[in-house]
Amino acid sequence: MITVKDKDLVVPGEVLADEEYNSGRGTFREENKICSSVVGLVALRNKKISVIPLQSKYIPKRGDVVIGEITDIRFSMWGLDINSPYSGLLPASEVFGKEKRELERAFVIGDVLFLRVIDVDEVKKVKLGLKGRGLGKFRGGILINITPTKVPRLIGKKGSMINMIKDQTKCEIVVGQNGVVWVKGQPEMERVTEKVIKMIEEQAHTSGLTDRVRDMLMELVNGNSDNQKEDEDNLNENKDIKTSID
Amino acid sequence: MIIIITLGKKEGSVKRADGRAFDELRPIKIEAGVLERADGSAYLEFGGNKVLVAVYGPREFHIRRFQKPDQAVVRCRYNMAPFSVDDRKRPGPDRRSVEISKITSEALAPAVFLEKYPRSTIDVFIEVLEAEGGTRCAGITAASVAMADAGIPMRDMVVACAAGKADDNVVLDLSEKEDKEGQADLPVAVMPRTGEITLIQMDGNLSSEEFEKALDLALEGCKKISEIQKDALKTRYGE
Amino acid sequence: MVNKMVDIIPEITKKSITNLINNGERADNRALDEYRDITLETGVITKAEGSARVKIGNTQIMIGAKSQIAEPFPDTPKNGVLMTNSELLPMASPTFEPGPPDERSVELSRVVDRCLREGGVIDLEKLCIIPGEKVWMIFLDIHVLDYDGNLMDAAALGCLAAIMDTKIPEATVRDGEIVIDKEKLIELPIKEKALLCTFAKIGNELVLDPSLEEERVMGARITVGVIEDGSVCAMQKGGEEPLTKEEIMKAIKITKEKTDILRKHLN
């Protein structure tokens, strides 16, 4: 027996179904019932019932890519804020290999980096790495924070949503799985992108979102059509700027 | 505060000083997501009580010696605004607010899946902006909504309500006057789905029959308030 | 990365905000001398003698006024007493800690107090009951609920609104005894409407009503208090960078214009 439908809004403790269903993410089993543990939307797939939370903190997982800010420099590692209850550590060896160098020469406090989560241990100590394509320090641009659970919606199916924004605004966009987004382009377009991303975050759980994003982009980008030429010039410039470590 | 007297009282029910039936709650209103900076928040009006709650977390616990290696810690701070009571209250914690903070943390923690967030803290800040009897229960009820609003995974939403004895009658949800002049006060917090009690205190004098009657009344009151908690969250996130 | 205890602003955020402002723009599309949306309600706390809830953008402050009878200060035996206190509640920001008022909180209440006192907002002499013995003491408690920048202007506006909302019982002296008539409530004797405007120096510009993000990158801050005729009644500079005389004069000029607009919220 089931007491909810797909996409229903549920709250913590709400009974969703009985034992013939499987308990997925955002739910828990108690005796012969499956209950929601969060405020979220029901996702039903065959006999598996999950609840997609509308709010949550980022909990680091091995393999994730995240955007972090250097907040601490220690003896042989950097400490990073990764928009999570758990700060991350970037060992100097990830940057210098076996060479011994001064950490401040590479990154200073306030620098923002694109990193990969290499390891998370049982007490949630998070080790970060920089080896990989596209990873490194950001130069210029702006940062936008969204609820981490809304990252998949921002990216869209096979990147459809994020690519549409990139195409229209001609901005470079990097999305961290921790809900931090980096955007770089023409200043006006950076702000258009910020607006669109905030709208997606607010309306992530509604249907017809892609169409609304398309309309909003049309209006905001074409409203700035005077800047079209400049945008193109800037785009060419941007192609030379890669997010890599020097 | 104007007390709204609802029509259609049960026959033979005992009227109280403010006109309520013995099992009648004061008017209650909850709104979720009222603050920008906090991870979750809720505002509650309950009779003349006005309570605002903000939740931060789970977040990094900076006091390492208080961290728990295998779970999160719920920390609560109950505070009364200086202007919340008739005679201005001196700012800062006193013995009463320290005790309420402690039992509130303990009332909320059993509902939270603490093991999901080792070493972290969940901070609950309860601000009583105006007090009219029953602020600890109002704080707990609002705190659950704020925690759910923050996305904290929980088994249930803890809800609290008091019953007691005034003018020789066992009654639900004591007003400020009934609390001060009454014979007993019994605040209760419960996880409504399972009926497990997470907070109970009592002062005054009740026979064991009266006690059981008061406890049942309080649990009934909690059930009603629980529905208002759920509505607050559904209103915030519904279309 | 907003929610954290250690407040370190990312270098690129600092740069992007500064660049925008140097071009005469702001991240939220405001003009450099434009306030965010302001809402003001009074009479929100029944148990307070006066109260106000003010919002400037997402900054939210509640102010409650309470009165009690006390002894006057020895140097002003014929004057009532105004006490301004503020609490930066830990609920308002992840960077605010519980505990006794820290230096930010003390500065906030002192600057607001200076504006109200030096601006002559309340006729304190009229709050005297028995000279040298008993006067009214008015407590203003500034309760910061949500911090998104520019607490000073919000607190000053809210305090003025709360003062204007305040009603205290009439106190008379009969045969040397003070008689308080709680049935007969009177308004506070208000002489002036002093308010504050705060500017942040970012890049080469001064911006009015800095948002939290702007406060995090600002080099200096200047707060100006003026009364209705435009005379300056209070001032406070903050931040580690210096300001020029021209910048300060410019801040005064804009404050005169903007406080006229702010006062409209009080009616």
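Order as written gives the chain letters A, B and C; numbering starts at 1 within each chain.
FYI, a residue touches a chain if its C-beta (ideal position, glycine included) is under 8 Å from a C-beta of that chain, and two chains touch if they have at least 3 such contacts.
Here the structure is a predicted model, which means the values were calculated and not measured.
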- Message: Count the C-beta contact pairs for A-B and for A-C, then tell me which is higher.
- Response: A-B
- Query: Taking mean CA positions as centres, which chain lies farthest from chain C?
  - Reply: A
- Message: From the mean C-alpha coordinate of chain B to that of chain C, what's the distance rounded to whole Å?
- Response: 32
- Indicate the whole-number Å distance between the mean C-alpha point of chain A and the mean C-alpha point of chain B. 35
- Message: Quick check: how many Å separate the C-alpha centres of chain A and chain C?
- Response: 38
- Shared interface positions of chain C, touching two or more other chains: 2-4
- Which residues belonging to chain B are in contact with no fewer than two other chains? 39, 59-60
- Task: Would you give the residues of chain A that are in contact with at least 2 other chains, written as numbers and ranges?
- Result: none
- Taking the complex as given, what residues does chain B use to touch chain A? 39-40, 57-60, 69-70, 111, 113, 116-120, 148-157, 191-194, 229-230, 233-234, 237-239
- Task: Name, in rising order, each residue of chain C that touches chain A in their complex.
- Result: 1-4, 6, 8-16, 19-20, 23, 25, 27, 29
- Message: Looking at the complex, which residues from chain B come into contact with chain C?
- Response: 1, 35-39, 41, 48, 50, 52-54, 56, 59-60, 62, 77, 79, 81-88, 91-92, 123, 125, 127, 129-132
- Note on the structure: In their shared complex, chain B is touched by residues of chain A numbered 9, 11-15, 26, 28, 30, 35, 37-39, 53-57, 59, 85-87, 122-124, 147, 149, 205-206
- Item | Of all residues in chain A, those that touch chain C in their complex | 69, 71, 81, 83, 108-112, 138-143, 145, 180, 187, 190-191
